[in-house]
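Chain naming follows the written order as A, B and C, and within any one chain the residues start at number 1.
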Amino acid sequence: MEPLDRDLEEGLLELPSEPMMLNMGPSHPAMHGTVRIVLELSGEMIQKADVQIGYLHRGFEKMCERGTWSQIFPYVDRCNYVSPMLNNVGFALAVEKMLGVTVPERCQYYRVVLGELARLCDHMICSGAMCMELGAFTPFLYFARAREIIWDIFEEETGARVTHSFGRVGGMASPPSKFFKEMVRAGVPRVLEFINEGEKLLLKNRIFLDRLEGVGVMPKEDALALGWTGIVLRASGVPYDVRRAHPYLVYDRMEFDVPVGTTGDNYDRFMCRQEEIRQTARIIEQALDQMPDEGPINIDDPRIILPPKNEVYTTIEATIQHFKIVMEGIKVPAGECYSYTEAGNGELGFYLVSDGSGTPYRCRIRPPCFATTQGLQQLITGLMIPDVVPTFGSLNMIGGECDH
Amino acid sequence: MATIKIDGREIPFEQGDTIIRAAHRAGIDIPHYCWHPGLSVAANCRMCLVEVLPPPGRPAMQLDILRWDAEKKDYVPARKPKLIPSCQQACAPGMEVLSESSEHVEEARAAVQELLLLNHPVDCPICDQAGECRLQDYWLEHQRTGKRMKQEVVHKPKGVVFGPTIVYDAERCIICTRCVRFTAEVAQDPVLSVRERGNLNEIVVSPGRELDHDYTLMTEHVCPVGALTSSDFRFKARVWFLRSARTVCQGCSTGCNAYLDYDPRSNTPHRHRPRDNEAVNKYWMCDEGMLSYRRAVENRLLSGLVGGEEASLDDALEAAKDQLAGLKDDPSRVAIVLSAQHSNEDNFALLKLGRTFIGAKDFYVSGKPLGRGDKILMSEDKNPNTRGVMQLAGSPAPKPIAALLDAIKAGKYSFVIALGADIEVDTQNAKSALSKLKGVVTMAAHDGALVQAAHIVLAACAWAETDGTFVNKQGLSQRSERALTPRGEARPAWELVARLGKELGYAMTEKTLADVRRAMAPEARSESGPNAGRADAGKPEVSA
Amino acid sequence: MSKLVLDILKSRFGDDVLETHSQFGDDTAVVNPAKWREIAQFLRDDPRCAMNMFVDITAVDWLGQRTPRFEVVLHVHSLDKAHRIRLKARVGDDEGNGAEIESVFPVWKGANWFERETFDMFGVVFTGHPDLRRILMYPEFKGHPLRKDYPAQKIQPLIELRDVPDRFGPFGADEGMSFGRQTHDYRRDEETN
């Protein structure tokens, strides 16, 4: 230590001028799942950011090549694990596109309703988590309580709260339960009540608005070039929703609005998400009204669908059918196909390559939040550290999907 | 070349071919149960029915039938063309055949399949044929519906023991009579026949006899369903867990082409299946050969032996170096024993060590003693590679073991380096003679006379654990693929030779199998010749 | 989806478009890898194609079935014209050498991470990429996991597993999905054969 009474001229004082490296994550309460951001800081301003993902990489695509087509359903569930039903539906649609079959109408409505319920969960938790990271813990708990209502519905229908693996190629694992429509009709308004309560706490809050407005702006062209889709793209002003642009299942019979933002900042993303929750509730209502109460859920093709169990034990034909589908897998015709749906985060694409046998040759999951997280670097450069939290939160990066 | 058309595709045919044979040659699959390319035509399953268009200008042969009309909810008279069994119909130039493209054929196939499954037991979970069963495959391809019979199925005897190797299940049997025809025509022992009529049909063994000829396992091989099962393979493994390696049977010098089915997870071989090869074994293998897959695991040496005690391979090599220390002084006192049981690559490596490096002049050949042969497939010479060894060694030809033992008695040799474990002569004699020598090193995969008599033993890989070339009695060199990973400390014999050579101070340059094969002459490594044993011969080999 | 884009590509690039097909309704064009970026730029800038939205880049490994081995697959989308196209190019030999292709990062920024992922998983090198390093795997990882000759059961622990009895290994002798097709578990030992 230098003696304090020495005269130091000003010019000799050295202030550190290199930027400081700060590591956020991967084990970090605000790094949704596991993302590591290596920040180069000058004071609190971020000069450079390096977003590193891959901590939740589990080798889906490799594992998909080692089983049959139907065995991929548990894998895709665990991709976007906050809205697993949307992944199931997306994958089932992709394989059905390659097979050239369409599921019966009742199944299409069923898939729409379950998918939209999952989307509700996804949006609520995203908003809730973002608020919690900003310090507003209560809305998160309200939204989590609302999610419980939806999870009760799922538990009744599929048997599991989170990763259902309920979709099947050519239908669903089992038909809707007896009081399906009543449960959903009773549950969704209660969910909306919770949403309203949560929003009331947030939307007039000065601190909340200041932290979100004008922060993390993504211009329209950049968003498109980066491959952004879903809510984050719509918040930047591009009215692209796969359900509207390329309707699949029965979305062309539903009336719903697509919320579009203006500036592309965190606030727009948050509000788009909230508005989509309400639109999703509309879709659910219409789907329930239009859904037939009777009719088959699975298509009637022995090459794709498993036979009823009582027949398997008593007739040789059903045994053979069961045997072939389980042991050898569904024989999808050789070729490749890209099929996409609107998942919670945007365009979830499946690029499937088949060689004609029951085992996939290549199953590529195009995760929407992989493209979204790619833009994070651009968003946070120039912001302050505390701005990283709502920016990242509003992107809704799901670790399982991003890292697959 | 005369051609016929199947589904619009022109395929050539040879004189005397039936439609199904011509299609089989061209790679088109017409579903069938009772036809087999190596057996006579029975035409009893009716699965191969196809529609043959009439010659131009002639009307088609039509049958009057009743067809269900869904609108009228009643049967209405209609006509359909008479379908021809493609296994019986000889090809004529310009014939047009409709197989998949005719809806009548599709209906016929679905109907035949339904009738075959009518009384079939729900045995898939316990049936060995599951996974390679024609009934399963054709149901999915052609029928895809349930059956319309609502009564109890006909019950027949199950688990009937036909002989020491075969068990019969009458309920699963579709009476295609492939087994009956096989035992009569190929095995030349007509011991099976069909009993009763109609849906009480079953296969029986002639009274007072058992199914005990030398080719019983082939009846299981030709059976398209799980009616005939081999007691050896029953309930052992599910076929979809098994991988197949294209190997050559090691039972005798016929060198039948085979598939060795093994489970890669536990590295065990489970069975042999014959591989089609017109020139060598056509479609068949004998029982001895089929069961010889066990040699990959039975009686194996897993590590080195020094003076009868187990030792690690490195220790054994060290000990070999000491024992053979006096080798270089007088090369004429070294005898090299090649093995007709080992592949060309192994023998070549030992030849090279002997001739080029040690300078030994005397070569002998060991192998299994002569056994029983027949006119069908089995040859008396029970060694797979006798001709290969003779070809590689050139002249002077290696002499039999008896000559070696005489020479040892005469005091000619002090050292013996041997490959292989079996010898054709009395083992006691051999052991006492060999034990008197200064240094005896054997490289072998199994326990045997040469192993017991040797001072040092190095564990070699069996045929199934390494690629190898074997020359059969016809002079065809055939390549056997690797199936299993080596057990214990076993290494391929050519590698052991290289390491032994290094220990003795010779610069053996071969490090990989590809090196050894490059050093061998082209005939020896099955790349030239009329019947290069690999199906994809001509493709460059994958170098390690 | 109309075949319009395929026709435009063929008329503009002629022989560089090696194959086209529209299986299952997806327009696909296989192009010469040397023209990869040029074609990508054309797709974005040409007003009839106007592919302004980047969707996906990945690769497929056709080891043992085709040479060149890797097929780099690009999906792009046009928001205004509402059409899509899949662009493919084949690179790389059986050992994995020569698997290089131009990066389309200058054309669409979104290719950044997708190309990094393809490099990570397959070893396809994208020349001109600003920062080509591994993205999903850790930097010390050796090999490229999605290649067909990378065994699915292989583990590369960064920290050595402790050698204790009854260790919970990745797969027991009779566990794990073993009925994938036989081509998938290439057994290339490190030793000789």
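In this section, a contact is a pair of C-beta atoms (placed from the backbone, for glycine too) under 8 Å apart; a residue touches a chain by one contact, two chains touch by 3 or more.
Since the structure is predicted, the reported quantities are computational estimates derived from the model, not experimental observations.
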Greatest Cα-centroid separation from chain B: which chain? A
By Cα-centroid distance to the whole-protein Cα centroid, the innermost chain is C
Whole-Å gap between the CA centroids of chain B and chain C: 40
Averaging only over C-alpha atoms, locate the centres of chain A and chain C and give their separation in whole Å. 24
Using the average of all C-alpha atoms in each chain as its centre, how far is it in Å between chain A and chain B? 53
For chain C, give me the residues that contact two or more of the other chains. 179
Quick one: which residues in chain B touch 2 or more of the other chains? 240
Among all residues of chain A, which ones touch two or more of the remaining chains? 327
Which residues of chain A touch chain C in the complex? 52-54, 57, 59, 61-63, 65-67, 71, 97-98, 100, 221-222, 224-229, 238, 240, 245-246, 327, 335-338, 347, 349, 351, 353, 355, 357, 359, 361-362, 364, 366, 370-371, 373-374, 403
So in the complex, which bits of chain A are touching chain B? 302-303, 311, 313-321, 323-324, 327-328
For chain B, which residues count as touching chain A in their complex? 117, 120-125, 130-131, 135-136, 139-140, 143-147, 240
Which stretch or stretches of chain C touch chain A in the complex? 23-26, 28, 52-56, 58, 60-61, 73, 75, 79, 82, 84, 86, 108-110, 112-114, 117, 121, 134-138, 145-146, 150, 152, 177, 179-181, 184
